[in-house]
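Chain naming follows the written order as A, B, C, D and E, and within any one chain the residues start at number 1.
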Amino acid sequence: MRQTTSPNQLKNHLWLIAPAALMVGIFFLYPLCFSLYSAITLDSGEFTLAHLNKAFELYSKDILFTIIIVLISVAILAVLSITIAALITLSPFRSLSKTLGFLYRLPLFIPFIVTAQMMRTFLAKNGLMNNAFVASGLLTPMDTVSFLGWSGIIITFVWKQLAFSTLLISGAMAALDDSQIRAARNLGASRFRILFQIILPQIVPTLGVAMVLSIVTMMSVLSVPLMIGTGSPTMMTADMAFRINSYGDYHVANALGLVSYCICAGLAWFYLRQNLKEKGAN
Amino acid sequence: MAHLHIKNLQAGYGKKLILDNINLTVEQGEMIALLGPSGCGKTTLLNALCGFVPVRHGEIFAGNRAVSQLPAEKRNITMVFQSYALWPHMTVAQNIGYGLKVQKAKRADIDARVAELLRIVKLDGLEHEKVTALSGGQRQRVALARALAIRPDVLVLDEPLSNLDAKVRLSVRHEIKALQKQLGFTSLIVTHDQEEALVMADRIAVLNQGKIEQIGTPEEIYHHPSTPFVADFMGAENHIEWPIHDDAFSLNLSNHDDQLDIYFRSESAVLSAQPKSESTDFNAGLIISGHVEQSVFFGNNYQISVRCGKHTIQADHNQNLPEHTPVTLRIPIDALHVFAKKEKHSDHQKTNIVSAKSMRMNHVC
Amino acid sequence: ETTLNVASAGSQNMVDYVKTYLAPKFEATHPGVKVNVVGTGPGDAGSHKIMEKLSAQNDSGLAKWDIDVAVVHQQIGGELVKNGLLSKYRSDINTGKMVSRDSATNALGIDVNGYVMPMFHSQTAIAYNSDFVENPPKSYDELVKWTQQHPKSFGYNGIKNGMSGVSFVTGWIYAYGTEANKLSSMPYDKSVESSWDNAFAQLKEFNKNITFTPGNAGTLDMLNRGEIFMGPVWVDMFYSWKEQGKIPPSLKLSLIAPGMPGQPMYYVTPTKAEHPQLAREFIELATSPEVQADGIVKQFNWYPGIDANYVKAKLDNATWEKLFAEITPSDLSKYGKSFPIGPYFDDIKEGYERNVSN
Amino acid sequence: MIYSLNSNLLKTLNIRSLRISFWLQCVFILLLALAIFGPIMNLLIWTVTESWYFPHALPSQWGFKYWQQVFNPYSDVSGSLFTSLLIAVLTVVVCLIVSVPAGYALSKRSMPLRVFWMLLFLIPQAFPNLTVYMNIARLFYDFGLNGTLLGVILVHSVHGLMFSIWISVAAFSSTDPMLERASRNLGAGPFYTFFHIVLPQAAPGLIASCIFVFLESLDEFTGTFFVGSPNISTLPLLLYTASMEGNYQIASITALILLVPSILFMIIINKFMRPDMLSKLGK
Amino acid sequence: MAHLHIKNLQAGYGKKLILDNINLTVEQGEMIALLGPSGCGKTTLLNALCGFVPVRHGEIFAGNRAVSQLPAEKRNITMVFQSYALWPHMTVAQNIGYGLKVQKAKRADIDARVAELLRIVKLDGLEHEKVTALSGGQRQRVALARALAIRPDVLVLDEPLSNLDAKVRLSVRHEIKALQKQLGFTSLIVTHDQEEALVMADRIAVLNQGKIEQIGTPEEIYHHPSTPFVADFMGAENHIEWPIHDDAFSLNLSNHDDQLDIYFRSESAVLSAQPKSESTDFNAGLIISGHVEQSVFFGNNYQISVRCGKHTIQADHNQNLPEHTPVTLRIPIDALHVFAKKEKHSDHQKTNIVSAKSMRMNHVC
């Protein structure tokens, strides 16, 4: 049943959002303005693009690196969480899917910083993972490689965000009408086909939300690049921290923040546009 | 197209056994209606056929293939789902062509077949609509076309009409029947509406609590129910238990010392406004006198509730009668469904009082 | 009850030291005073947070700030002074005249005379695993050669992940760019920077043979885990870890020619500290020879902040010797350099970002 | 006869293919379990490691030395833990209070600028807030909120608002509007209806949103530092310090302590965390 | 209890006008059925009454109160929702007692009233069940009890039976009717099932595209539809357009030079197997000859599709006929619903050919 609204109700609705909106407005947007302002002005208050230029000049590689890392992570994340969610929904073996349903949620409860901390000692060249491989005879101590660096960052992001995105995606899959899947099997479609042709097209919006929220989260995490990342290039958050801590240079840091926000907003916009298009079609 | 043969089928959920020892053969090109009250296991049976509920015991043959251990996608028994289960992200044509696409048919073949089916179900011109833009009746036809597109061995339909409104239901009912005749597919249709079953099916199987109570042609089921349940379910809403120690009732059967369950339809009760005369009527098996309690306009006639002692009997009559009018009801002997009183719950025996006609009926298979 | 708020940047050791060693001592002599110690995180980031908090309070014009005593790194110490966030107090306390190092008056070219008291002095040096490295390099040249022979066995943390890497790079510039003394004293000459191109190019080459580590602690950790056999570390951190058994005894230190920089941690007190007098008394206690000897040297093997002679008097010989077991006093005086003045320092870091890592 | 032969053959074929996929899935789950438990195992080992040198594959010395260190009377872990929990719980409360009405309003499709509002609540997570916190701190000094619990809670709440609002929108959208009508129809006013009918319906989803806010708050330390310290000290702050300086034992132990409330929270709330509660997200 | 009076009501969604100029009075204690095809605005009308759809124009009086501007909770017009809309987090008793709780009635009074209602709707003993544990029919009765608990001025029911299965539907139908008689509430019931409307209502209002086409007693509506739409909707499924230039049809009306729309029911067509004789029958208004196309068993009779030229006419017959049997259909003059051919879409005029009876009917209000 669709809702009906009178002007009176609309006013009510705005009033209901007001506290939350005010909270974000006063305690985030307003201070954010200073940051944005600082990104595009000199100390004297004149408008300038110098900071943005400098950010690009020094950190374009890192910006690219960040985007690539985030996109790779998000891609892996999508594949993995779709796989897990699909197994949970489609697997004919109920006990397996139950186990899986319990398993994937664990990382949800482990904060980012703890994750980074765990991964740092886990992924190192002589970390527990490689040690385990060596002990089990899969590798010789000489063959071990350190996953610290870009691969470690990706692994950590995926490890941590997996629970969140899988939760959303399997939720969307669970909400699909069971009979739609049955109808497809009934016509002879294999489980793979069903996944790609019946399920995925219908959960695109949720997949979008999960990915956007994950990207946003990954772009803003500092502890992971600091603890897992090594050398250069590195993530933009590390550059921002460096810019502030080492040079006391807030302008360029904020310029980097602006760039980072634009990337997030760009990706979110990409999602929203798709989403609105679909809405328009219906 | 092939015949469908179900042998000693058992199925259920978890520990619960829902279907027990189902035996049913659907001949090639035949349409059988599964009729039964809500929760009796109709959907479960279809699900077992299609592979969505595991078969515990017994076997299912579609054509010559034993399919009960095959996964759902290998069975070639196609279902039309009660809720249609159309895929909202696809167009009408995509929905219909999906099964062929799965079979890796050629693009051109798919298009041709889709066009053919669209013509058959009278949806030409709608192929590029999103299914969400269709009305209920149109969706129903898309669901049907989708199921037919792959020329299934067997088509099963789960209450295909229950979501439609009265007028649309009539027309879709006719369409399905016409298509079935035209294309000759073997099919099993589930319904809880007796009229639907009577009109559409070649034979009817009445299901109750996971067991088949009776199988037969519509006429057999209607006129010669083999159990009280079937009688009641097929609309014999008047039920009296004999003997009744009340002068208002007189039963005119060869032997009536038995404990009997008697069922009859309101339409077979002949109502006359003059009080009971002692002349034993030509073939009135049961004569009841009482007075009008309520009279309700029913379209082409009135349904009169007649109060007879503790019983209220429904009878059809062609005119309205004021309350309290004394009336007599005469029910012809062959309109009475008489059963030996059920002593054990599961075992009804139709008495041999009622003419030999009833002997004709026996469970097929 | 009064609360004295002490904010300490730097490692948990330092925070613990202030919390478990200094604070009880201070509270014992100041009944009714409670010392509240907050660690703001290791590295420059920790110091930076202190500065940001102080400037935020300054900007909103508060009359009383919520930090009475802060422990900060050298660079931030300078900036705090430059921004007028600190009060001049050294002359107010008895231990003020016990300082002798240059770093007590000059922080990367900024005059901090009177505003700071060194808590302890720290130094970067090359740590190596003596089980695998018999003859540790004695100079940058030898180190370069060594890394060519042992690729990926030397590790440092770049410049974004902590100061030990920055120190190493600074030392590199001292070795192949401009000598330390010139860069550590005024005046600043922008053109000097252009002569480092070669040094950076070599460093870029050098970087190909090494392993990057995640942070100051990361270098030590990788040394411990046997993933590298050599790397620049902070001496104080090295000793603390060794003390706690977190690194094997086989790890040794070597300070290489022509020298690597070191820096002190400063005790400072903000301009509008709520308890300026208590703050001074606290710092006085913390920089007293007894405390320096017993707390800084004996407990942690750190180089004292005040003149060594005052401290040595309070210690037995064995303890004092232990302090120089790995790096001799003469090495320390020869190769222990300061960081360059701010502008040069920025030039080095930006030069690295531009020429080496980009 | 032909039937049974046929069916036997098919059965075996079929069972074989099922078996293969069964084992494949088992392997996948095993790998996933290893990937998930490996790092956690690592964390557990570090909590009882006293020293772990190369080339030992496992710690060379085990013990609880660092536990003593963590729980020494000066380190105030229990105090910080309590503060962290208090802040997390209060943050959840604040988030609930503001996001319940907002989520309810936004669940109405007719809400003007719905997408705009939804995006607005995304911003606090989307902008790298390192630089923003400084400005927030300045603002909070003006308001006198710095160093107060309220200040920290506000910062955490703003941060957690994305989860609480997005998820409560989903929760409210999945309630049946007819239930609301039925209540109004029987004479209940909008508020009575909301509290007696709508809220109980949406409760599971709202509780799920609490989880995310709670975890977000437990994870947060930058804001806490800027706005809270020196007066407010939380466990993540300790954890961050320990972790950044490579004090793995302390960090691991702290992390473990931090996990306790999270997992308790999870157990209490697990039954509300049905994935389908979140299924309306993005719709 | 009070009467309900709707005056010139207009309502709609957004820019769309759904209801236009509705006038309807429901007398105290009367039950009116709103009958109409899907999408005609039945639910919208109920929603407007209850305050869920704003009234654009016109007024609604419940008793003597003008309620159209009151918020939903002040109207005291209670609705039984099509989907029941029971609150799943409450027990049966809590659901039923909710309205009283809202009115801050005393605990004891609520309990007493709930117990009374449970007895009335025959759900005694289920008061502590969660509503989710009830069957469809039981839920329906809870919904009814909940609505009745607060003794509303007016009760409106939105397709209360459409979710029930055939047997349950019959019994709930009787129950609602019985309760209405017993408690005497004023009520408006929505349905799209003509039989339901005929059986339950004191009067029927047929709605089409947001307008009331006809109001009258069940008999009036059934026998004397005032527009082709009503005739068609009430089951006169045979439709021919006069003139037909075909000898198979002969029409026996006073003037038949007009353009006419003729509707009649299958049950009023008298079928005889002998070919058309030229004897003009007693009162056969329409005589059609053709041959049997299909014969379907329909329970108490067979529905015969008779092919007559381009038309297929449905007729009821008491026995099965083989295909191609030539037959004659005679439809008595008063079973024909004859309308002057619609020239403008919106304006049907019943011609004055058909007997004066039709004059009795006119729009009430």
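Here is the rule we go by: a residue touches a chain if its C-beta (ideal position, glycine included) is under 8 Å from a C-beta of that chain, and two chains touch if they have at least 3 such contacts.
Since the structure is predicted, the reported quantities are computational estimates derived from the model, not experimental observations.
S.K.: Shared touching chains for chain C and chain D?
M.R.: Chains touching both chain C and chain D: A.
S.K.: Counting C-beta pairs in contact, which two chains come out on top?
M.R.: Ranked by contacting C-beta pairs, first place goes to A-D.
S.K.: I'd like to verify one number: the distance from the centre of chain A to the centre of chain C, where each centre is the average of its C-alpha atoms, in whole angstrom.
M.R.: It comes to 37 Å between the two C-alpha centres.
S.K.: Taking each chain's centre as its mean C-alpha position, how far apart are chain D and chain E in Å?
M.R.: From the centre of chain D to the centre of chain E is 54 Å.
S.K.: Take the average of all CA coordinates in chain A, do the same for chain D, and state the distance between these two points in whole angstrom.
M.R.: From the centre of chain A to the centre of chain D is 15 Å.
S.K.: Mark out which residues of chain D touch at least two other chains, giving numbers and ranges.
M.R.: 18, 54-55, 134, 138-139, 178, 190, 240, 244, 248
S.K.: Among the residues of chain E, which are close enough to touch at least two other chains?
M.R.: In chain E, 52 touch at least two other chains.
S.K.: Taking each residue of chain C in turn, which ones touch at least two of the other chains?
M.R.: 43, 45, 215, 218, 221, 225-227
S.K.: Considering only the defined contacts, which chain D positions touch chain A in the complex?
M.R.: 18, 21-22, 25-26, 28-29, 32-33, 35-36, 38-43, 45-46, 54-55, 57-58, 97-99, 101-102, 104-106, 108-112, 115, 117, 119-136, 138-139, 154-155, 157-158, 161-162, 165-166, 177-178, 190, 211, 215, 218-219, 221-222, 236, 239-240, 243-244, 248, 251-252, 255, 258-259, 262-263, 265-266, 273-283
S.K.: Which of the residues in chain B end up touching chain A in this complex?
M.R.: Those in contact with chain A are residues 50-52, 71-79, 81-83, 85-89, 98-99, 102-103, 130, 132, 146-147, 150.
S.K.: Which residues of chain D touch chain E in their complex?
M.R.: Going through chain D, the ones touching chain E are 176, 178-179, 181-190, 192, 196-197, 200-201.
S.K.: Under the definition above, what is the set of chain A residues touching chain C in their complex?
M.R.: Going through chain A, the ones touching chain C are 58, 61, 120-121, 124-127, 146, 148-149, 226-234, 238-239, 241-242, 244-248.
S.K.: Which residues of chain C touch chain D in the complex?
M.R.: Answer in residue numbers: 5-7, 11-12, 15-16, 19-20, 23, 36, 38-43, 45-46, 49, 52-53, 56-57, 59-60, 62, 66-67, 215-218, 220-221, 224-227, 237, 245-248.
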